[in-house]
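Below you'll find the structure, written out as structure tokens, and then a few comments.
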Amino acid sequence: MTELVILNAPVVSLIDHMGSDRSVTRAARVSLQGLNEEEKAAAKEQGLINYLMKNRHGSPFEHAVCTFYVKGPIFTFREFMRHRMAGYNERSGRYSVLPAEFYLPSPDRPLVNIGTSAAPEFGPGTPEQYERYIARMMSLMEHAWQVYEDNLADGIANEMSRLAHLVNLCSEMYVTINLRSLMNFLSLRIDSPDSLVRSRPQYEIQQCAELMEAAFAEHYPMVHAAFVANQRVAP
Amino acid sequence: MTELVILNAPVVSLIDHMGSDRSVTRAARVSLQGLNEEEKAAAKEQGLINYLMKNRHGSPFEHAVCTFYVKGPIFTFREFMRHRMAGYNERSGRYSVLPAEFYLPSPDRPLVNIGTSAAPEFGPGTPEQYERYIARMMSLMEHAWQVYEDNLADGIANEMSRLAHLVNLCSEMYVTINLRSLMNFLSLRIDSPDSLVRSRPQYEIQQCAELMEAAFAEHYPMVHAAFVANQRVAP
Amino acid sequence: MTELVILNAPVVSLIDHMGSDRSVTRAARVSLQGLNEEEKAAAKEQGLINYLMKNRHGSPFEHAVCTFYVKGPIFTFREFMRHRMAGYNERSGRYSVLPAEFYLPSPDRPLVNIGTSAAPEFGPGTPEQYERYIARMMSLMEHAWQVYEDNLADGIANEMSRLAHLVNLCSEMYVTINLRSLMNFLSLRIDSPDSLVRSRPQYEIQQCAELMEAAFAEHYPMVHAAFVANQRVAP
Amino acid sequence: MTELVILNAPVVSLIDHMGSDRSVTRAARVSLQGLNEEEKAAAKEQGLINYLMKNRHGSPFEHAVCTFYVKGPIFTFREFMRHRMAGYNERSGRYSVLPAEFYLPSPDRPLVNIGTSAAPEFGPGTPEQYERYIARMMSLMEHAWQVYEDNLADGIANEMSRLAHLVNLCSEMYVTINLRSLMNFLSLRIDSPDSLVRSRPQYEIQQCAELMEAAFAEHYPMVHAAFVANQRVAP
């Protein structure tokens, strides 16, 4: 029996990126060249970026672009790909046999809905609930992986064998996204008390988004500061 | 134990649509008003549509729009949503408990890869292979559904309970798409000997696409005829 | 000499539309089917739409679509087409000889910037300023049209003759846009005291946008009411 | 009187770019990891890129991105911005006073339509035709610029003064575009005898596109070679 590998969190790394805070202001200035010299002096880098963010001048943020590598469960990728303003390439279960990597929550991941179905809020389960949950899932994952391998061994094509995949199986992809779309993604996929408009992302995609935000903040510190100062409203 | 419902094919129905073949020619004519009267007479409806299709004047096809209801397995929805030029609303496993509907192939669905992994071609399995496959899958589906129900009964939130979903579980969605994007979708998701550029869609999404094409052909017969005449190259 | 036709406002008409307020709620409900019966009863049409709008659930608004005919000056079309989530077909000055229709402001259109160049605010000009402006423009327009006709009469191709066009020459187009994108357009192209985020659209594109909003309000009254109630923030 | 500056060709420069040929193959390989070792060895860089291009696997080309600076006439920018899969920032005639730079054709730019209006083909004008054309246009441009300056001097706001702009006035912009969209742009805006599907771009935007293609070919030589080998059909 193949040993299953268990991940408790997505893997995110910044593979490539184009530009810097300056890419945004350079693009913005092409349209604002009429500012007289005095105003220009005042329009310091950070001030200009804050101004663009606050006034919803979003297009200058499209000239800075990031490529991320992401590994995570299928159910999270499904949410991720609802964001259409990005380029995606994901591992294919038709052309390759996937490795036995599954996502399972760590004990501190809230398990219980203490709100309503329409407005869920989450609280921790008991240790016993968590253990029972993990035991049920592990047994199911082993069964599912066995069926996948049996399908393949029985000569069934990859694309039919994979019907035995669970949605917590891990996949991997490259995502290329500009800062404007990235901020939209972050505004929807991170629930922060600092947000003007709250959202209710699932825990696992928020884990992804937080790792992406860290890379964003490192490479585009002024844009990131303006995003936070603007209550995480994407321009 | 909940009785599992098995689908052997996706369900597709046209819910709403805007315009007709005339929407395309009306939009095209706004830019071609310079045609003199003689040319205009010649530029009959079908001829104009053929001309637009052949010469890659794609934008007039964006003024006719369809909304489809689609029910099908998660692994097919994953392929579907890679097409970004459409609007999607899918049933959520976070806000609702999903019904026990699964997709399984019918006996005539090819099961075996007789090509290579990079260039797969598919042939039928033996009846025994098919039976073994279905038996393995049915047992796994029952196990998975039991775990899902046990998770829920044990107080686990919907969004965590659903980690027990298999990718052949069925979901449902509305898709709104204009004819230009629809033809792009059809060109990639139907492998036809009439296509200039062949593609290798998975069987299940081709089933979806064929049902969508039938509705398209019924409501926009001239556009559809031009698409076929143009070797299924989207404009 | 060809008589010039002068327009003081854009022409907008709704040519076609798909769906109604119900298209939005139908699409939303596919994902919210988990609402229990009591909640469902409460989730009346308007309430559900307000909820979607307020919580930035934008995708259900993509299943209702409008096609507009618009006639207006080139400088306004240039602003219009910066909105990429729409389908456009515009009259071509390459394939046709354009008619002699120009836009000129009516006397009540503010003429003078009483703010700064970066933060312009507009006030009325004096009647004398307006008359001088119109006189200069009329003389230039007659000159430009004469050059255009002389170019054509001298055998110059349409696409080179049209270099004599002024940006206040009128063009016409069809625009197909879904409600989500339309609300984004309206939020940026109408400056309303009711808006959470103010914008500074040019007068002429706001005229266009107001006519589009009237058609939107007529055919999708609940969606429009929710947009206004949500301080004109697009979902 | 302000001296007019005349450009006979657009200015294009590559300002920034992300990735290389390797960005494309890296993204493609994430989905093709199932290739066995032998096949992998065969799938050399260029071969893989050719394969992707030929089989319309377009998404890997979205992970390489370019930013261009472009200066050119307004009538060309109007055509440019019909391509929606790019980010644009253009100089604004509302916030700034534009410089007196105009585009005029050089003597070798074809002036005469020797085809029909629906299927134009262009031939050279006589030297006398060219001289008359330039004389008419120069006189009009001087008039237009005088009206613009008079408008400004008379206290008319920038955004109203600019109604005196001709469409051959030059503007400038930044364009950020990924390789997939860039190839689509090039396939439509360059008419090449090597193209599978011919198009009829206007001369001036083809000049732009050729300069962009040169930068593309320099930085992504394998992708460019595959595009040409594939008869300039964008994937």
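Chains here go by letter, A, B, C and D, matching the order in which they are written, and residues are numbered from 1 within each.
Assume contacts are C-beta pairs under 8 Å (C-beta built on N, C-alpha and C of every residue); 3 or more make two chains touch, one makes a residue touch a chain.
What you see is a predicted model, and the numbers here were worked out from it, not measured in a lab.
Ranking B-D and A-B by contacting C-beta pairs places A-B first.
Centres computed as Cα averages put subunit B at a distance of 33 Å from subunit C. Chain centres here are Cα averages; for subunit B and subunit D they lie 34 Å apart. Subunit A and subunit B have Cα centroids lying 26 Å from one another. Residues of subunit C in contact with two or more other chains: 32, 34-35, 59, 82, 88, 95-96, 117-118, 158. Taken pairwise by the contact criterion, the protein chains are fully connected, each one touching every other. Within the complex, the subunit B residues that touch subunit D are 32, 34-36, 39, 55-56, 59, 82, 116-118, 188, 197, 199.
Touching subunit A in their complex are the following residues of subunit B: 73-75, 77-78, 81-82, 84-85, 88, 93-96, 103-105, 109-113, 117-118, 120, 122, 125, 129, 132-133, 136-137, 139-140, 143-144, 147, 150-151, 154-160, 162-168, 202-203.
Within the complex formed with subunit A, the subunit D residues making contact are 15-19, 23, 26-28, 30-35, 59-60, 62-63, 65, 67, 87-92, 95-97, 158, 172-174, 176, 178, 180.
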